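Here subunit A shows up in two complexes: once beside subunit B, once beside subunit C.
Let's look at the complex of A and B:
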């Protein structure tokens, strides 16, 4: 496996970013990543860009944003746009790896951006993704899909799973208090959780992610370039993507088996045999609390139906042996197409020892994950400081 | 010392077309049904099944598919169930380029590349939403008005007679009349083109490609695998692409700089000094006939402003497929041109087969923003 490194990370403030245009938001992330790597835009060979247009109020904003990506200086650059729904962000990271591992490029800038605040209601936009004849008319969106998972999990494995979903909600919001780039900074209690309204039973408002504006940029490079330009890069040790059927009836709902299959493939590549012991930080795509618990099980941190035990033993909290989402996760910040790339950025910052107040001590190996589509896509990346 | 991956050859081993139809067709297929059909046909061509394929890449632009996350449907249709898959929202030449890079990384051996296009959306109207809400959108800019501005800039800058644009249409449609796979097979004359209505000056009705629905799939593989399935794979010798800036006023409209840059990279890598002599056939994006002339110049087939000279001489095999003007599949057009070049180099083109064809250059263009931010790509194929 060819060595590829992350040498620069740029995050923007998130939330409602009415203070900037789409272009300005992109440039904020790009400039920050370039500063972090001590490079200029002309040092970048190629660009990978992702957004899910329908949330932005501008279609194909890469056209508008091209000038914030260094393409408008009379020079032009190779720019490729990738769109895969919720996995878009991690799809960008995977594409950056392949751009470099192919031998075509030395430095690649991956940029994910979304201004969800530009549309009236994200769930109505999401409803345009589902099957138009049967499912669309029911108003199906991401919350309903996660509610199917929660109710099936509840009836199959754990009747009081809400008690553990509550803990996931609190852990992530507390973690976000340490993250200057997080959108929601909520110091919530059990009481707050149980008094928050149901959105789709059994999911409450505090079980759910926000709609955020935000961008992220990451500079990937060949090992030769990284050795010359970075003292402490994050190395990609394993990566992969899995695509499952669209149709709900063909998939397991209470256990994320497609993620389990992908995790085994990626961990084989990264030579990880005991993920609970060998991974130091996990940045998981926890758009809804139940999903973080299901992800524990799918990636092999807990047995099927026993993910909640990690919460009971405080293993995945900030001071636990395997902190999950010290950034606050998707539950605190969700600029949709950028979110998967933010997971990679946060994992890289942990490995590079540059995560500031949210830094976990002694991180050697971190993973980044994202899911998308009709619970059908997953991307996974393993990063290491060696 | 460079890794062995750098020298690994990647070849195209099969192509498959879905059903092509226009808005008058009553028995329409969804774009993902057509993805299934074209991929199945490509796999059958070389006796493969989906289990022989490692990765799947689509080119689908949600805005024009009319669905958010449009690859949610096509992914299963092309066989990526529980496999590695992704989607590029660009002209489909970039999907092939991405598949090429993934195989070059050494982690995979066989890729399916697919692009499907449907007719569920008004493309002109949809493209207005691409333009920024401050300056261009209030001017009702869409990809066609933007391309027309570029065509008019080129036409006035170099004093290009309209007859040359009409002649290009005549040539492309004449080529299509010999191509069994082209959608519009009727010839048109220069007079007919020049008598057709202006849609948006200087573009007349018969100069503008008419969108049809269809799907194209390609299978590419690393060298040893490719040779097991096809005695004569067509090798991807090099790829390049380039995207420029957004604002029309900040760039020279009469020259396709990103195409020039992409071509220059490929020529330099392969040591091509005289492309007109060293390359046997060209499949060029004739999104308008003026853009085909401009492409000649960016590809260094003629001096700048002299693209018309190639029309009179026409010593080169250009757009044997019939071009966009005969078979316009929007973002899937890039794969159509690659597939047609593959068939020519494989000596399987049928009625329109030319005698000597060892190298082909395919030009791709993401047309969604017209002359604003343009992405041009160049793929060089060889036997």
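Let's look at the complex of A and C:
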């Protein structure tokens, strides 16, 4: 298999982007990535595109977004569309990697886009992904699934887990203040957290991600191409994806078993034996505060049921020894199908030393993660500057 | 440049979902206040609601069992916010493992005071026994069980 690098990253401003159409938002990300890599659209061999159609109220938006991807130029580029829920963004990165590692292509443009702000209620859209005969009637969306995790974690491991969820809520929103591409920028206190209303107990408004519009584009290339065209690429050292059952009763709710298995696989590939020491930045998919804590445990940064200890010691804050989501994470910005690829973009910017005000000093190794489905899918990628 | 505009949109699409032979039999059972599941003869799991195949052993399930309408609450959540297009709050949902079943399933938890969220851990507990409260009028739907209440 060929080695694969990231040589260009393009993020858009996020939030309610009603200043542009779907197509225009995609074009903004694509132009930004091409500028970053100092390439032209015709330098790209293949395109991987992802979105979750019904959030934006358009079926198959790749039909007209295609022109923003350079497909209207009449040069016959292959275009693959990917739709895997919350993991869509990381699936795009994995697919881009496979395209190049296989030796079939030299340069691949991966693009994720979502306009969650275009719908009236994201949870209503998420409810269309629930099993229609036995479960949909209970009104479940994504927050309900995360609330089950928080409730079960609370009764199994830590009665006052909300005191640590509060720290996650504050850390991420403070980090977003340094990120010009973040949606929510909240300088919040403990008091703000505890006065924030419950949406689905035990989760409060401040435990939850926003509904964001945003897009991201990343240019992946072979090592031959990267050596010619990039002074400072981010190298992909390990990656993988894992799946599990849909049904609630079949998987553990308070611990992410399958993410633990995936992490062991991916870290073995990347030759990481002690993730807490060897990883310098982690961009985790923390759509809800409890999930960041559960991800610490599954990824092997803490023991089962003890993820909150990292917060007690401030290890994962911006100035800690392993900053988690210096970007502000999903808790600050969630254009759903783009979010996983934004994690990869942020991890790449960190190892390239191009993360601006949110740059962590001396980053050699960074990881990007996303979860999706009914708490059942995970993707993980390890990036390095070597 | 002119000020950007927004135009309204709406998806109104109707569907009819096939319930298949296994869930159909389960829903028919609910009309008679019977809760049916299927058993895997390889791993001995009892699936309620029933399944056509065991997701672990990957074999077809042919043996039907009836389980009790009592069970154990594995975990619960309480919806306090009105989400447009979804049921009105407040309401509690639980993952309930019925006595005789191997795995939990989803249903409402009723007859519980939800007025003070801070008191919820004292009112509902992991491992608590619950019992089904049946609807008088049953139509062959998961809502033929109105909710489960603490025992």
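Assume the second predicted complex is superposed on the first by the 385 of 386 C-alpha atoms of A that agree within 3 Å, B and C clash if a C-alpha of one lies under 4 Å from a C-alpha of the other, contacts with A are read in each partner's own complex, and residues count from 1 in each chain.
The working rule: a contact is a pair of C-beta atoms (placed from the backbone, for glycine too) under 8 Å apart; a residue touches a chain by one contact, two chains touch by 3 or more.
These figures come from a predicted structure and were not determined experimentally.
Q: Go through the superposed model and pick first if A:144 touches only subunit B, second if only subunit C, both, or neither.
A: second
Q: Name the contact category of A:19: first (subunit B only), second (subunit C only), both, or neither.
A: second
Q: Which chain makes contact with more of the residues of subunit A, subunit B or else subunit C?
A: Per-residue touch count on subunit A favours B.
Q: A:373 in the overlay: touching subunit B, subunit C, both, or neither? Say first, second, both or neither.
A: first
Q: Does the superposition put A:291 against subunit B (first), subunit C (second), both, or neither?
A: Once the two structures are laid over each other on A, A:291 reaches no partner at all.
Q: Regarding the shared-chain residue A:171, is it in contact with subunit B (first), subunit C (second), both, or neither?
A: Touch status of A:171: no partner.
Q: Once the shared chain is lined up, is A:384 touching subunit B (first), subunit C (second), both, or neither of them?
A: Neither partner.
Q: Tell me the contact category for A:245 with respect to subunit B and subunit C: first, second, both or neither.
A: In the superposition, A:245 touches subunit B and subunit C alike.
Q: In the overlaid three-chain picture, which partner chain does A:79 touch, first (subunit B) or second (subunit C), both, or neither?
A: In the superposed model, A:79 contacts subunit B only, not subunit C.
Q: Which parts of subunit A are in contact with subunit B and also with subunit C?
A: Shared contact residues on subunit A (touching subunit B in one complex, subunit C in the other): 54, 57, 132, 245, 247.
Q: Within the complex, which stretch of subunit C touches subunit A?
A: The touching residues are 4, 6, 9, 11, 15, 17, 19, 23, 49, 55, 74-81, 83-87, 93, 95, 97, 102-108, 117, 120-121, 125-126, 142-143.
Q: Quick check on the complex: what are the subunit B residues that touch subunit A?
A: Interface residues on the subunit B side: 2-3, 5-6, 56, 61-63, 67-69, 71-73, 75-76, 80-90, 94, 97-98, 100-102, 104-107, 126-127, 129-133, 239-247, 250-251, 257-258, 261, 368-369, 372-373, 375.
Q: If you look only at subunit A, which of its residues touch subunit C in the complex?
A: 18-20, 54, 57, 120-121, 123-124, 127, 132-135, 137-141, 144, 147-148, 151-152, 154-156, 159, 197-202, 245, 247-250, 253
Q: For subunit A, which residues are in contact with subunit B within the complex?
A: 1-2, 47, 52-54, 57-60, 62-67, 71-85, 91, 94-95, 97-99, 101-104, 125-126, 128-129, 132, 240-247, 258, 261, 372-374, 376-377
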